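Two complexes are shown next, each including chain A; its partner changes from chain B in the first to chain C in the second.
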Partner chain A sequence: MAGASFLLYQKRDSLLERWDPRMKIVAVLLFGAALLLTHSLGLKTVQLLLLIVLWGMAKLSWRVLVFTLLSLSLFFASTMIYQSVLTAVPGESMITWGWLSFSSQGVIRGIMMCEQIAGIVLLLALLVRTTSPIILAEGLEMLLKPLKKWRLPVHEAVMMFSIALRFLPILIEEFDKIRKAQLARGGGFHRKGVSTRFRGVLPMLMPLFVMSIIRAKDLAVAMESRCYQGDEGRTPIRVYRLRVSDYAVFSFSIVNLAAIFVW
Partner chain B sequence: MIDIRDTTFYYNMPQDDEEDAGRKPALSHISLTIAAGEFVAFLGRNGSGKSSLSRLLNGIELPTEGTVSVEGHVTSDKAALSAVRRIVQIVFQNPENQQVGITVGEDIAFGLSNIGWPQHDIANRVAWAINLVGLDADEDRPVSNLSGGEKQKLALAAVLALAPRCLILDEATSMLDPVARRQFVATLHEVRKQYPFTLIYITHHLEEVTDADRWLLFRAGKVVASGTPNVLAQDTRLLEDCGLELPYYWKLAGLLRESGISVPSDMNELELRELLCKSS
Partner chain C sequence: MQIKLDRVSFTYSKRKRNTPSGPDVLKQLDLTVESGEMLAIAGKSGSGKSTFLQLLKGFLAPSDGAVLLDDVNPRGVRRPELFDKVGFIFQYPEHQLFSTTVFDDIAFGLQSAGLSDEEKEARVRQAMAAVQLDYEAFKDCSPFELSGGEKRRVAIAGVVVLEPEVLILDEPTAGLDLQSRRALFDLLHTMNQERGITVMWVSHQLEEILEHATRLIALKEGAFLADGHPHILLSDRGLLNTFGWEEPPALVVSRLLGELGAVDEGRYTAALTPHGASEAIIKLLGKPRVTV
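Showing the complex of A and B:
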């Protein structure tokens, strides 16, 4: 359950929750681009620290932050090994530590790559944990509105996305129930070798898949009976107006992106 | 209000090949009318056709043969479907599978948004619906934090917000514990006193529909009996045949009658207790 908890929205009345969803999505894209394009360790570290400050401002749990970063530790370790040991370029200064020798440039590259991975994950977690799926979907739909001119099913795609987010906790809970039921019957993938564990996954995924189909069918019927017929004739639930804070977020994201070309 | 004429319904139309030759319809030649404001209970075993008929009334499914019309709108007319759904709303069995919003307010607003409710009034209407069903939650409360009974009250609020003139409860209490079930039924009757809509109640629990105007007993896709609860309750064999069991106090009243004690047929639980206390 905790594995996907970083993806779950909970109302906390924070400043970030009050930001306009359109601006949040744009800011995430701009910040993400800045994270990917920055080649300076200092700037990447500042960006990561900034995301941690935003995490605090969003009143999100520090425990979840630590858990999220720890869950990436395997990625961090493999990235560090790959960058510092396996991609060492001849001529780079080498650091020798016991029998191990690695490139000092590679270590910096590895740290930057780890910061990048952590930054992207925190950025997305910040977006989905501070924005209700329906508000997120509305924001996304407003941003993608121009694509409707080419008859792209923007509303339907966004609705599917928001429902998928809405049902994520239910599916996780269901997976947990099936896992425990399989364990109670002597099955499951908690013991023996890798192949046995791997084979144990299938009996859990199949019932989950079937349940998901049944739920999706029931939900479709319920939505239809509540007069849902796509975006035809729908009233927006909320009216979004950009405020000074939203413009400030946008301006900051632009400055952050521009900074990488200056630094 | 609702007029069903010689309606037959198959979930999958039978083909002429051998395998499908024996496939039976979910509903077979049903004809009935339901008057505005009536409280009708659909009773019968699982698979007897109760839920299938309720889906035809909301236009989720269309009849294979015959017609279903709601306040003059024929459900098979695509142009009338939206009007039909505004008139007839359904609360389903599993509350989790009918909630779209992540918070109470979002879920109620979903239906309002679909019918083009004026944007400036959506928040008021959401608050009105929450208050109407007595849901002890504000509109920002996450749906996942509600108990089973509260989730079903939310489902009720979400459909009542759309001001339906006919409400169908499709085994809406079957996933609730006895206390939550009693509360849900009490809430429903309270709401109905204020807004006397047509109520179609699908259940296996007869004690929830003892005060219905009419019971319709379903068996194998057909309506085998229709009448007031007092009349149909006398035919215990028919009820058993339809997989139904009378409430304990009706059974007791029947046994007392068999022993020669005069017990009026319209006696409720409390009146029977009073009678027994007096006689002792």
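Showing the complex of A and C:
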């Protein structure tokens, strides 16, 4: 369940929650682009530190931040090994440590790559943890509005995304319950060998799958019974207006992106 | 099997602390459940009932104190398999069915037991008989094609096949019609009387508790507020008010009959059953005794 909390929005009344969802999505895209495009270790480090500051401003749990970063440790380790040991280019200065020899440039590349992975994950975590799924979907729909001209079902796609996001915690709770129920009637299979444990996966996934379909069917009936007909004739319940702080966020994101060409 | 709770407390992690009972879901619980009891657990939502049951099954570890099975603390001696003697049936157990046939679903728990095919078949046959499902008629059926009551029986058979000594059920009659509810309790009584299985279940139905339980535990904000015979506890106005419960109609009738002198003083529980109440009414009317 700890992993689930990484994706859940909880109202904390922070500054980031008050930012316009459209601007937050644009800022995330711009910040992400800056993180991916910059080749400077210093700038990537500054960007990562900035995200950590934003995490604090969002009043999010430091424990979750540590957990999030620790859960990526396997990625970090494999990236470091790949970059520093396996991709050494002839002519690069090598560091020898015992029988190990790795490229100093590769180590820097590895650190940059790790910072990039951590940055992208924190960026997305900040977005989903400081924006309620409904507001996030509304923001996304407004941003994608121009695509409706080409008859793309933007509203429906965003609605599906928002429902999926909202159902995640329910599915996780459901999975936990099914897991315990199957353990209760499994005769201790979870304490046996790998093959026995592997056979126990289907009994957990199958009911979850069936329940998801039943839940989706019920939801569709409930939506239809409330006269939901897709995008046709829908009016927004919330009207968003950009404020000074939103323009400031946008300007900062542009400056951050521009910085990669200067630094 | 005797289950003993020795000053058991349970606290959820910080993240899940917004429960009605506060951070301490269960507080310093002491309890002994003897073999063969029919024990009902009642309490408002969020009082800690489900947490309490999950501690007994070993799904959760107490923050403080110990759960002892026959005076052994399975966690203390690092023998979690002792909890396998406790069968646990969640609410809506039919949602956990997954196999293509009833036989495979019930036999799921036997896969890791190292039994021969004949032994497996015998155990499944026995479990299906225990839940009153005809082996030949149902074994090859898809569990998804059965009625709600039948599905629940299959799910219960999936636990009974492991031959537990204690059976814990979380709101077993939720979503069942009257006939299926009666059939389920007949089944639980049979298992309790013929096999000596201890049955513990969570219920919000006071009539059901009055009819089937030999002991009632009332939980409030993580603590046992009352523990005793359901007839006595459910006659306690103070307790009923505390939980916002209404006195079960059968108790009201028997109490009124007692007040009218139709039943002997102190024996008003004799009028709790339809048979006992009718005898008392006949006595009150002064008519000769008839067989009901």
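Just so it is clear, the second predicted complex is superposed on the first by the 250 of 263 C-alpha atoms of A that agree within 3 Å, B and C clash if a C-alpha of one lies under 4 Å from a C-alpha of the other, contacts with A are read in each partner's own complex, and residues count from 1 in each chain.
Convention: a residue touches a chain if its C-beta (ideal position, glycine included) is under 8 Å from a C-beta of that chain, and two chains touch if they have at least 3 such contacts.
Note that the structure is predicted; figures quoted are calculated from it, not measured.
Examine A:119 and indicate which partner it touches, taking first as chain B and second as chain C; both and neither are also allowed.
Touch partners of A:119: none, neither chain B nor chain C.
According to the stated criteria, A:9 is in contact with first (chain B), second (chain C), both, or neither; which is it?
first
On the A-aligned overlay, A:226 touches which partner chain: chain B = first, chain C = second, or both, or neither?
first
Using the touch definition from the top, say if A:32 reaches chain B (first), chain C (second), both or neither.
neither
Touch check for A:163: first (chain B), second (chain C), both, or neither?
A:163 contacts chain B only, not chain C.
Name the chain, either chain B or chain C, that contacts more residues of chain A.
After superposing on chain A, more of chain A is contacted by B.
First (chain B), second (chain C), both or neither: which does A:235 touch?
A:235 contacts chain B only, not chain C.
With both complexes overlaid on chain A, does A:106 touch chain B (first), chain C (second), both or neither?
neither
What residues of chain A sit close enough to touch chain C in their complex?
Those residues of chain A that touch chain C are 5, 177-178, 180-189, 191-192, 196, 199, 202-203, 206-207, 210-211.
Residue numbers of chain C touching chain A in their complex, please.
Contacts found on chain C: 15, 54, 57, 59, 80-81, 84, 87-90, 93, 95-99, 108-113, 144, 155, 158-159, 161-162.
Where on chain A is chain B touching in the complex?
Going through chain A, the ones touching chain B are 9-11, 132-134, 163, 165-166, 169-170, 215, 218-219, 221-229, 233-237, 239.
Quick one: which bits of chain B touch chain A in the complex? Just the residue numbers, please.
55, 58, 60, 82, 85-86, 89-90, 92, 94, 96-98, 100-103, 106, 109-119, 122, 140, 142, 144, 158-159, 162
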